[in-house]
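Structures incoming, each one as structure tokens.
Here subunit A shows up in two complexes: once beside subunit B, once beside subunit C.
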Partner chain A sequence: MISAAVSALAQGFILAPLALGVFLSYRILRFPDLTVDGSFGTGAVVAAALMIGGMNPASATLLGMIGGGIAGLCTALLVTRLGIQKLLAGILVMTALYNINAHILGGGSYPFIDEVTLSTYAEAAARALFDTDRMLVFLGMPFSSQNLVWVLFAGAVSVVLLVLLTVFFRTRFGLAMRAAGGNPSAARAVGANVSTMVVSTLVLSNALAALSGAMFAQFFHAAAITDGTGMLVMGLAYVLVGAALFGQRSFALRLLGAVVGTLLYHLIIAALVQSGEVRDLKLVAAVVVLLALTLPPFVRKMLSRRMPKEAVR
Partner chain B sequence: MTALTLQSISKSYEDGDGRQVQALQHIDLEIARGSFVILVGSNGSGKTTLLHVIAGSERPDTGRIFLEGEDVGTLAEHRRAASVGRVFQDPFRGTVAEMTIEENLALAACRGRRSDLGFALSARVRKEIHDRLAALGIGLEQRMHQRVATLSGGQRQIVTMLMATWHRPHLLLLDEHTAALDPRSAELVLSLTGRIVAEDGLTVLMVTHSMQQAVHFGERLIMMHRGKITLDISGTEKLRAQPAELESYFEELHRAELLDDSVAALLREQYI
Partner chain C sequence: MTVFSRLAAKNMTVFVPLLASLLFLLSCQKQEEVKREDQEKRTWKLTMIAFEELRQTRDAEKGFREGLAAAGLQEVDDYIIVKRNAQGDNGTVLSMIDATSTDGTDMIISLQTSTLEPAVKRGEGVPIVFMVVANPFVISTVGQSDTDHLPYLTGVYTNTTFESMMHYIRKVLPDARSIGTLFNPDERNAVFYKNGLLEAGANAGLTVETYGVNYKTSVPQATQSLINRGIDAICQIEDNMTSATFSSIMKVARENRVPVFSFVNEQAEQGSIIVVAPDYTQGARMAASYVARIMRGESPEDIPLGRITKFDHIVNLDAAREFGLTIPQDIIDRADIVLEGKE
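Showing the complex of A and B:
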């Protein structure tokens, strides 16, 4: 029971950057950016390839993030320079990335065995903190000390990201970014360069997705080019759960909602998996998104005060 | 000194049936600094296209545009926004609905500055926003933290007006900014418009459909028809103009247009 909860929290925090990334594209630019299905994998395979080459996992993860950011840049340039529809641009880059990711990894998947990864660090940290890299016991229930370290580490990453993003969106640049997504004509009329803002949002969004991808691969001791498949829908599910919690509050709370939504989502799924009721996680995510977008009118009315219009449309 | 100079501006585009429409035909126009100019014309006369061209959201096919003597023809819309303020007809177009009133105004306060990493809502900016809202006297300063989505159309237009004039633009473009409002809101927006324009001594180009407004506002009146300026009166001539007189001139133009169109249609039927 506790073991499942700790594991769910670890995964939730690992995927929280993805949720923040999807929040940026979906809630600010108002379109579901499929690039994340590719850039999540890019983060995983770039980090993996670098760690296989002997780079330390922290630098490899950061460079994985940059790889994801470049993927976002490609989508953004297709939109702003070539005038391709946002949705189509995302699909094109995602499709291209499938092969590119395979080339970077040199195959379809790669298990980390001898490589030093964040998990190696987690093992060492667990030994240092809890005197064991195997099981801890709480209330008579065992759980993995390494997973607890992951919760602490990824949780700290999430907190840092939340603080940075909250501050960032209060700056002149951040405000212009929100305006450019919310109402491009108004943003232009007050002198914001909308193209620059679209590019920045997509770069940031996909870099965050790639960070999740890189951590995800290291948590599961393997990188695979299929890691990113369905991640946009997962991210949308997190964001919509978060919107149900913190709908029309301040921007900072809505950002927080994306992270809390991710944790809640994983805890609920873990509980359902424990009771043996849920196995098809991506199917579940798709259904959650579908339900969130097509809630019956009376539920919508009930929630209308808390949910932003875009979320229930 | 002229605030705006247009030299031989032409613009054509394809309509839905693939026919070339001349929206603007060699428009020459000078607007003196500090003047309030009214622009009237029927739908499709080219007045909205003219505003787009001045603001930079559309490029003219030919011609040059000067603002305060500076050639701005190649400047992108967001760059030109540093010196051109604009209020649209659609109250939803000028503000960002899901941002708060103060965030929208902070955005306007950034106009002409680089979008850098300084805090947008510094204490100084927030105080200025509060004071300027309070000066309007309609209680918006108490709702600074509310989202613009909670405002009425008229209130939105007032916020947009404040955004457009925050840094005293060289030219303020008003594109039928009261046409979508109920009469009472329209009146309020107009009176605040007059006040802001007078206080800041702004140069204004205002498009309107209302002959009443055309007569009562401004000291110069321009009428457009089929991409050309057909009437340009100012001074005493403008003062003497009556709404009914303008309407009848307007209708004359229209009748001529109908005539043109019916002849053209006949010709098409006969020969094509």
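Showing the complex of A and C:
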């Protein structure tokens, strides 16, 4: 059981940047940006292609992230320069990225065998920290030492991203970005360039998705052009589960909610996998999103009915 | 005159139909000759459609080109190959299949079941020759047997090799009681292979644990769940899903010190102890010989489906050592490739 939980936490933290990216487009620009289905894969394949070429994994991961940012820039330019609807622009770029990613990778998938990846570092770190790159035992239950290293590493990345984003969105530029998404007319009235804000948000959002993609491929020891398929729905599930837990609180707490939502989602999936074969994970994801959307208002309504009127007042 | 007229009339009633029949037969023969000459002279457009590019499809393409050359066919003069790759997308496969009806394709060379299925559904049109397919009969309309199949289709499929693998597992792990495999329940080939493994395992006195998984992110946890059932080894069947995620299966197996046996060549390099993999190059050479026969006028209906008969037996001694196992010498002697001494 601990083994599944550690594996779920590792995956959760690896996909936390994706959740933050989807949060930015969905909560700030108020639309589900389908580009992430492509940019997630772009992060994976750019990093893979560079590591195959001998680049160190940290630099390859960062360049994968930049690749995702460029994908977001394309969507943003379609929206701001050509006046294409946001949803349609996302669909267009996602569709194009499928083939672009295939060209970058030079095929449909590539397993890492001899390449040095972040997993190679995780193995070395596990040996250094725990004297083994295999299983550790806690309360009589074994779990992967490498997965624990991934939890620590990706968890640290998530914390750093949370701090940076919280600080950034308190700056003048960050506040303008939030305003441009929430109320473009008001933002324009106070002198903010809404187009620049849309571009910045989509670049940042897709760069974060690509960072997840690059780490995801290295965690799974293989990159595939289909890696990003369905990631927007997963990202929305993370964000909505987080929102259901944290509600409409401060911006920083809502960001934290997205990360916690990601972890919780993967723990739920891990529990389901442990309980037996789960063939319909995408259906489960859709149901989780549906519950996250419908349960909180329902619970609030039930609570307000049960409370005495005086207490409500 | 009257007698002559009568004779002429009598003979004419016999000769005219005879003459007409003779002329008709001659013209048919001539037309057939012209048709044959046309078939021999024209350059055939062979559209090769793969569902996604894998090591198997690359091997098959290589073998196919070799097979065409061996059949005496020259590229450009006799045929051109137009390669199409759907990059794992079902919708793209359908578009590619549909396009063959209008783009001058003379023959579809279908690689993988995911391509064969829509090609068969599309119905009669240009001939289809398939390869890199585990079992074409999982598509019910293909036919009943190697000789009783659709008239516009022929090809080469893969034999299962589970018996020899069971033999190896028994020799390497004599105390083993159960083995396990992941499979993608959404892939027809995977279900076919899974059932084959269950049968072969039962015949060898081994319990086979199976775990259906159709989502990449669940593969590590599914592998762990499979191992938690107390299996002695993973005997991983071949499907698109687990081939793409084999590295993560291997990682969990290594951490739990559970040895892995499998059926895809490159998985030996990734840590599988013994691999018994069909030689897709040989299968593709056979498929190329079928193509040559069709180009020379034979109907696909008259060409029985073929099966791959050659398998690569690969032993990874480094991996065996890593798992604390000793490979018997007779297995090493029988192996086509022995991997050892990798840094």
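Annotations for the structure displayed:
Everything that follows uses one rule, which is that the second predicted complex is superposed on the first by the 288 of 313 C-alpha atoms of A that agree within 3 Å, B and C clash if a C-alpha of one lies under 4 Å from a C-alpha of the other, contacts with A are read in each partner's own complex, and residues count from 1 in each chain.
In this section, a contact is a pair of C-beta atoms (placed from the backbone, for glycine too) under 8 Å apart; a residue touches a chain by one contact, two chains touch by 3 or more.
Worth saying up front: this structure is predicted, and the values here are computed from it rather than measured.
Model built by superposing both complexes on subunit A: subunit B and subunit C fit together without a clash. When the two structures are aligned on the shared chain, A:A224 is found in touch with subunit C, with no touch to subunit B. Taking the C-alpha centre of subunit A as the vertex, the lines to the centres of subunit B and subunit C open to an angle of 130 degrees, rounded to the nearest 10.
When the two complexes are overlaid, the chain among subunit B and subunit C that reaches more residues of subunit A is C. The superposed arrangement places subunit B and subunit C with a least CA-CA distance of 35 Å. Partner subunit C is touched in their complex by these residues of subunit A: 3-4, 7-8, 11, 98-99, 102, 107-109, 111-113, 119, 133-135, 142, 144-146, 219-222, 224-227, 269-270, 273-274, 277-279, 281-282. The residues of subunit A lying in touch with subunit B in their complex are 168, 170-176, 178-179, 182-183, 185-194, 196-197, 248, 308. Contact residues of subunit C toward subunit A in the complex are 52-54, 85, 87-89, 185-186, 211-222, 224-225, 244-248, 250-252, 254-257, 266, 269-270. Listed in rising order, the residues of subunit B touching subunit A in the complex are 55, 57, 76-79, 81-82, 85-86, 88, 92-99, 103-104, 106-108, 110-121, 147, 160, 163-164.
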